[in-house]
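In order of appearance the chains are A, B, C and D, and numbering begins at 1 in each one.
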């Protein structure tokens, strides 16, 4: 089974929790954005309670949690926005 | 029958028509604002067609056309306003 | 502060006058002389007013809107005299902790001013000049 | 022009950028850091963004609103970084021949920005700091 490289970006509260701006992920084919969120929940206690992922952006465009990631994608979880 | 003095102010199009900013009127008691408008219509051909007076202000406050004027009043006919 | 002025309007000064540290938003409206009206070219506008009454009417409207929107602070100034295209005839600022009230109060203010404040305008263009709103009223 | 900036916002420059001689009105909205939120004192706000995506989302919203209001010209800038009470985080200008469209387009713009543009704020006050909107979401 082949692996893909996906760049995961962290913003706002998620950057604080992860302690990083970004991470390079090596994922197996078929991995969805939701799958990545579940792995983050397993890694960070502060996310455990968040069974549903926040909004998701793939390559700077909003996408559904079930979207299957592709090699080279840039993935970001978008905490509740608060611009303005 | 006693007479009253009323100051009549002209603004905007009415100032152009009357060729003056104001006139002092000597009116008989009981004269209404509407009566003054009718006398203006008789004096200025450009007002002949305006059977209904525009808005009326007495002493800087909007008033009804039937308001009876009092000695010392300041009367103004208010053409359609166009501020802003 | 008077509501009428013969000088160029400074909207920034108006904003400074009303903003409080509790305000999270302000809405500024400016009415500007545009180069057309009812299909005709416009070069300038002469604004005239029944000044003391216009001041009183403006005050009545400000108080009424501030009583409807107790969190809103309003400032308004209307310029009189001869204005050319691009110049501002009126500026209204509504400051508020929340934006909804600021938008609503600002819009209500300009709508109400256009209804009752005794201010008039004579538009001047290549085809002559005319007091707006008078023709065809009879 | 980029929609995001790290500098102090100059609303007057924004107005100048959009106004045309056919415009009879503009509405300027500014969001300002206020000294309170949800009953807590606020001293400053840190604005963060997913910059390239935020630029794209702003552009999408501007185009969508300008297509709904073809007579309206819009300009928007959102500031990022650390802002203290009284500083503006966002300025939106909607210019139009007529005021109704300017008010509606301006208000729609700020409402839409608050819904989808990936910008976040961390409020700082005497009781600590917090990313707005995150707590209690789960």
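The rule we apply is simple: contacts are C-beta pairs under 8 Å (C-beta built on N, C-alpha and C of every residue); 3 or more make two chains touch, one makes a residue touch a chain.
The structure displayed is predicted, hence computed values, not measured ones.
Here the chain-to-chain distance from subunit B to subunit D, counted in touching steps, is 2. Distance between subunit C and subunit D, defined via averaged C-alpha coordinates, is recorded as 24 Å. If you average the CA atoms of subunit A and of subunit C, the two centres end up 50 Å from each other.
Rounded to whole angstrom, the centroid-to-centroid distance between subunit B and subunit C, based on C-alpha atoms, equals 26 Å.
In subunit A, no position touches at least two other chains.
Multi-chain contact residues of subunit C, defined as those touching 2 or more other chains: 31, 110. Contact annotation for chain pairs lists A-D, B-C, C-D, with touch applied as defined.
Taken in their complex, subunit C has these residues touching subunit B: 31, 47-50, 52-54, 56, 78, 89-90, 110, 113-122, 131-134, 137-138.
If you check the complex, the residues on subunit C that touch subunit D are 11-12, 15, 19, 21-36, 85-86, 97, 99, 102-103, 106-107, 110.
Only residues 9, 11-13, 15-16, 49-52, 54, 57, 60-62, 76, 78-84 of subunit B touch subunit C when the two sit together in their complex.
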